[in-house]
Structure formats: structure tokens, C-alpha cells
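Input: structures, listed below.
Below are two complexes that have chain A in common, paired first with chain B and then with chain C.
The block that comes next holds the complex of A and B.
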């Protein structure tokens, strides 16, 4: 099987400061890769660099689109933006960054559909209801504005908005950050279900090892902008080799 | 001004007050700059060309963009008509017409067919225009995406890459809230199957008239410093959904003066009891029909 996304030797600097350095990653279809590390370790820089939000300084990002390998950093701006709104999706930590707050919930979900050319109101409406159902938002809320939604609902709405065009690769930056534990559990449950059901390929960034352990197949541990350890999720977390990973694993609260 | 007068006096001995203006008010360099923008705009239908808008002797929002475009197009042979919401006799129309009478000393008219340049605020004349005519629109906000995406840099990118999904989000919201597309004026159009364009706040009733019109249509936004255009015989389509097609719509009445059934109507409240009547918004069209009778 060919990887759907492969990142080779990626570097991003902010002036003299290292954002992330010598990063490598392969993502296979249907696989979830988790990126963990402390604040400032370069997780967000890394995910922004591979999702088109930031321009990395060096390295290669290869995306497999229908058996055609696309060099993401060398294609034209227009193709890049087309890919971003059809093949890729980005779930922000703060759902307000990924949603239009003065547009109804349904309107938010419909934007990607209409940007790829759907022009039938009835059909668009049906798709919206299908997705509201999938992310467990009550259908009666379809015409309400996102600002009347709770934090957890906003996050679920953002997920629906991103997944509606069936993108192949999903990037998530701390999707459960800032939510209380029970809501967090609900979102994680939902994500796990969607990943299985739709065979999504996901790169997920989190500082929360529990989130990663629950969702991810593979893991990359970052410190000071570099990957210090990577491998199968269970293997790395059960038998951490690098001292930083050991510290990270041992500092998880046991209840 | 005294210097100008003295200088002219030396040369011509007599000079009328009005002759101290350059032809049609703007200086020749400015007109050349605007004409360049106009030509570029005509080459890329619907694309907003930036231009260096000048201070005009009228407030922003009164048609400074339209006046600059008209000024750059005028020749001594032109016959000018100015309308404001279809009417030839409202303040804005009268004062702009007088402005050009004074500064360009050209002939003006109220008859649509006789005019070679028509400057308009928010209407397209009812009578079919011809190939020898130029229609100049006054535009308050040229960017159709402005209300959805406030960042100018971003809207520029969206135009460049034809990322227009968001425009339909607005129509989607309209249908969701009201059961139909509520936008009744400044209804967005696609020009030449490429750029989405704000047709200035004309009623959507006028949108079909822009399509394949033999006249040149020029749009000037003075405050926002943008010019755009539709060349003659260009396809202009109003955005819609397959199951909610574009509907020009019109008040279900006849003009109570001329009896016209197919012109755009203004609603007039006639007394304190709330009685109302409907009359043609295009005064010249209405008057002509009465004369023909």
C-alpha cells in the first residue's frame, strides 16, 4: 500500500528560532498519527507546515491523490487551495477559528459543498442533515447561529463542516483542548467512530497522551522542534526509550 | 484662481468664468489614467481595476466614481443623460447634469434614445440601449464579497482563484431564512463566466438587461477607487440554485400614469390614509408613453 501523505526532512524556522527541524512522517490510508510534546515543542508549527497554513523552509510533502503523487510545496497556489478545500481538512483547536460565526450552522456546513460546485439547495440541505446527524447535533439547530452553541457543539459543527466533502486527510490541532472532560470524551468517541466509519487518515496534535493513546495508531514525540521518538503508539507509550518520552509517560496522572 | 484668470486674460483678453475649467472638469492626465483603467476593465469583464480616484466637488456617495468615468469618456459631440433611481429630475441627476453642462459645455437630454452617455444611479433605463451608447453606473461598494469576507487581500485571492463558494452561502442563508432568495438589489452576477461582480444597487429586476447588452457598461466607485466594466454583448448571469432559480420579480401592479405592465415601479404613498399608487421609476419612459398616446 502507498502512503497517502509522506513528509520528508521538513524544516521550518522563525528567523534563527527553530520551529521544527528534520521532521519525517508517513501516513497510510485509514491510519491515525498522533504528535505529542510539551508546549513550544513545535507540534503546531509542524501540523501547520504540512497542511498548507505555513510555508516550510525546506523539505518535501508528497500527497497521493488517486495514485498520482503531488508535491505539495511545488504546486501552484490555485491547485494548493483547491486541494486544501477538497482533499484536506483542518480542525482548529478553537472552533471559532474554523467557523463563520455570523452564518447559520447549516450555512457553515454547506460552504465547502458549494465551493466545489453544488448548486441544488434541496440536495445540499439533505447533506447538511446527514452530517448533523453524524456529529450528533439536533436537526432543529440547523438554522441557528454558531454563537448560540456550546463549546462541544461548536467543535462537532467544525468537524462536520470539514468532513462534508469527504476529504482524504484530516489535520487536527488539539481538537479537544479547552473542553471539559465529559465533552472531551464525547468528541473523542465521535472522532473514533468517524475515523473507522469513513476510513479517514488523520494527523492529530495533542499534549494529552490519553487522547493520543485512544485515537492514534502511530506516534511522534517532539521536543525542541525535533522528533525524539516515533513508532507504534502502544509500543512507544508502554516502553518509552527516550528520556523525554519516559518523563512524559510517567507524568500522566493516575486516577 | 486669480492667476489662472490673469493668464487666460492675457492670451484671450476675454474669458468666461466657466472656461477656467479644463474640459469636463478633470485634467487631461487624470482622464488618461482613468481611460487606461477603463480599457483594462473592458478587457477583463467584471474584474475590479484600482484607479487613483480624485477629490470631486461633491461628497462621496453622490456619484464621484461615476462622474470621473463620465468625465473621462465625454467628447464635445456627446449628449449626456443623467438619471437617479430612473428619474431625470431628482437632485443628484439635475446637479450632475448641470455640472457637466457647466464644465464641458455639452448638450444634455432626458430622452434615453438621444443620449450617447448615460450616467445612472441604481437603474438601467427601460428602453433598449444601442451600440453607440455608454452606460455609466455609480457604485458605492464594488466588492461583492465584502459583506462575507472583510479582508481585502483575501477577497482578491478569492477572485483570482474563482473561489466563490461563499457567495452561494449568502444565497443559502437567504433561502433558509425567508424561503426564497431575499436579495432584491445589488444581486450578484457572474460576468463572462468568470468574475463575480456587484452590479451596483440596481434592482434585480434590471439584472437581465445587463446580459448581452449592445451598450458599453462602465462602473465607477470613487470612494473605493475601483473601476470595472461589461463590454457589449457579454454574458451576465445572476447567481442562483437549480431548485431556486433567479427571479427578476416586480410589483404586481400597473403604472398608474402610463399603464405600463412591464416597467419597474416605484411605490408612492399618496395621502395620510395610507393609500398608495405605483408609477414607473423610469420617468423618461413613462413620459414618452404618455406622449405616444
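The block that comes next holds the complex of A and C.
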């Protein structure tokens, strides 16, 4: 099996400040990679740089689309935008950043569909209902505005909005960040099911090691913009080799 | 077949004065298909560490571990993930699951991962839960609120629903009453008869005898320190 996404020696600077540097990652179909580290370690810069939200200064991002390798940083802007709408998806920590609050729930879900040229109203409506069902939002809410939704529902709506065009690679920045723990559990369960059913490949950023442990196959530990340790998720968390990872793992409170 | 050749394992605690704890030196071990090996020795000697090295949770400094001739190599996490999907099953001491996920779905998960038919998987999960005396009323509840013994049996059900060629068992009967202990031991024996290579830690001697396990005292085969 070939990786669906491969990041090689990626660097992003803000002036003289390091955003992230010498970052490498391979992501295979159906695999979840977790990126952890303290605030300011470069996690968000990294995920933004590999998802088209930021322009990295150096490095390579190779995306495998139907066995054709696409050099993401060297293609035209229009092709990049098309890829971002079809093959890639980005789930923000704050669902309000990823949704249009003045457009109905159904309208939010249909946006990506229409942007890739779907026009048949009946079909679009059907797809919207299918996705509301998948993320467990009652169908009767289809014409309601997101501002009437709870935080957990908003996050599920954002996930539906992103997955409706069957993207292969999903980027998530703290997807359970602002949610209370009971809602968090439900989102985690949903994400795991979707990954399995749709064979999604996911890069997920979180500062919560427990979330990463439950979702991720592999992990990258970042500090000061660099990866200090990476590998199999269980191994890095159970038997960390780097002093910073040891500090991170031993700092988690036990319930 | 599980093989450990010349394994060296140590822990370096960077934040606690760079303390080095040497666990194994020149550890050799082989578990054949259709065989059960029981690790013995006082606690803290590294019994669980051996299982965790085989499953890939623990890193080791030198030597090689082979599972049906595939090497465990932490440079290639992808291969370990594949091994876990298809070859190695692990029943850990404690249940670790996403809160609020129903018991039945937790037990079904290992088979759903390899694209089995939903209905067939459900039937198999129901059967093993019945075999393990988990009350039907509990199947749609999260096991996190269950008693210790029930949680352990859910863990066993999830680990034994498939026929893995290699099976790692960390005290799978520790908190079970005698009736349920015998049920679990019989399930383990079935896996052995189907040709699994099984390595485990079993607290009581009667279990080890019942399984007809080859006992290995770790203090006698590895010379750390």
C-alpha cells in the first residue's frame, strides 16, 4: 500500500520565528496520525501548512490521488482549490470558523456539493439527510440556522459539511477542544466510526493525550516547532524515549 | 510463532536524574503454534514488559522479535499496525474504551476492522458474550460502569472473538470467580487447539496447570543488571 499523503522536510517561518521545521510525516489510507505538544509548539502551524491554509516556505507535500502523485505545493491555485474542496477537508476547533452561521444546516452541508457542480435539488436534499443521519442530527433541524444548535451539534454539523464530498484526507485541529466531556465522548465515537466505515485518513491535532490515544495509530510529538519523537501511538505514550515526551506523559492527571 | 532473540530492554528516565533501569539482557524466548507459555516470577520482574514488547507498545534497545517471521521494527509503525490487525491479539489487564460506546460494539470492533459483514459479526459477538455470561441487558450499555469481573470478560470477548495466530494474555482471569475463570480458560484452550501461539501471565498455578502451559521463570532466562 502507498501512502496517501507524504510530507517531507517541511518548514514554515514567521519572519525569523520558527513556525515548524524539518517536519516529516507519512499517512496511509485508513490511518490516523495524532500531533501533540504544548501550546506554541507548532502543531497548528504544521496542520495549516499541510492542508493549504498556510503557505510553507520549504518542503514537499505529496498527495496520492487515484495512484497519481500530486505535488501539492507546485500545482496551480485553481487545482489546489479543487483538491481542497474534494480530496481534503478541514475540521476547525471552533465550529463557527468552519460553518456559515447565516445559512441553514442543510445549506451548510450542500455548499461543497454545489461547489463541485451538483445542481439536482432532490439529490442534494437526499445527501443532506443521509449526512444529518450519520452525524445524528434530527432531520427536522435541516432548515434551522446553526446559531440555534448546541456546541456538540455544531461540531457534528461541521463534520457533516466537510465529509459530504467524500474527501480522503481529513485535517482536524482540536475537534473536541471546546466541548464538555460527555459531548466529547460522542464525537470521538462518531469520528472512529467514520474513519472505519469510509476508510478515512486523518491528521488530528490535540493537546489531550487521552483523545489521541483513543483515535490515533501514529503520533508526532512537537516542541519548539520540531518533532522530538514520532512513531506508533501506543509505543510513544507507553514507552516514550525523549525527555520531553516523558515529561508530557507523566504530567497527565489520573482520574 | 513468536520469537524473541537476544533482547535488551532498559528504561531511561530522563526527568528523574537520568536513571537507567535495565530490564532484560539477552532474553530469548520462542512460542510455537498450538502452545501456551506462562510467564512466572515475582512482580516487577518484567512479565508484562515482555507482552508489551511483542505487541509493540514497548521499545527495545537491541535484539529482534519475530511474529510469524515478520520483524517488529519501530521504524515502520505501519507494519506493527498491520500485524495487530491481522496477527496478534492482546487481552490487557484493564479495559480501555471510548466512553458511552455499547459493549456489543466494542466486542464487534476487531472483526469490523477487517470488513466482515455487520450481521455476521453481531452474531459472533452475541455468542461470545453469552458464552462469557454477560447479561443480555448489559450489551447495549458502556462497560465502563460494569463490575471489575464483567469488564474483564468484555475485554476477553473483544480479544478472543477472532482467531489470531498469536495471542498475548495479561492476567485474563485475575478478577473472575471460579465459574467464569473456567469458561475463559476453556476459550483459551480452544484457541490453542486451533493453532494459536499463546503467551500469558496467569496469577494462579491452577490456571497454568489447567492450560497445560509451559512455565517460564523470567528470572532464570534473562540476566539484567
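Following the convention adopted for this analysis, the second predicted complex is superposed on the first by the 255 of 255 C-alpha atoms of A that agree within 3 Å, B and C clash if a C-alpha of one lies under 4 Å from a C-alpha of the other, contacts with A are read in each partner's own complex, and residues count from 1 in each chain.
Everything that follows uses one rule, which is that a contact is a pair of C-beta atoms (placed from the backbone, for glycine too) under 8 Å apart; a residue touches a chain by one contact, two chains touch by 3 or more.
Just so it is clear, the model here is predicted, and its values are computed rather than measured.
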First, second, both or neither for A:115, with chain B first and chain C second: first
Touched partner set for A:143, first chain B, second chain C, both or neither: first
Which of chain B and chain C A:104 touches, first, second, both or neither: first
Touching partner for A:189 - first (chain B), second (chain C), both, neither: second
Partner chain(s) touched by A:214 [first = chain B, second = chain C, both, neither]: second
Which of chain B and chain C A:239 touches, first, second, both or neither: second
First (chain B), second (chain C), both or neither touched by A:78: first
Contacts of A:31 with chain B and chain C, given as first, second, both or neither: second
Residues of chain A at both interfaces, chain B in one complex, chain C in the other: none
Residues of chain C defined as touching chain A within the complex: 11-15, 52, 55-59, 74, 77-78, 80-81, 96, 98-101, 112-113
For the chain B and chain A complex, residues of the former touching the latter: 148, 157, 160-161, 163-166, 168-169, 172-173, 175-177, 240-244
Chain C-touching residues of chain A, taken from the complex the two chains share: 26, 28, 31, 181-182, 185-186, 188-189, 192, 196, 213-214, 217-218, 231-232, 234-235, 238-239, 241-243, 246-247, 250
Of all residues in chain A, those that touch chain B in their complex: 77-78, 81-82, 85, 100, 103-104, 106-107, 110-116, 119-122, 124, 143
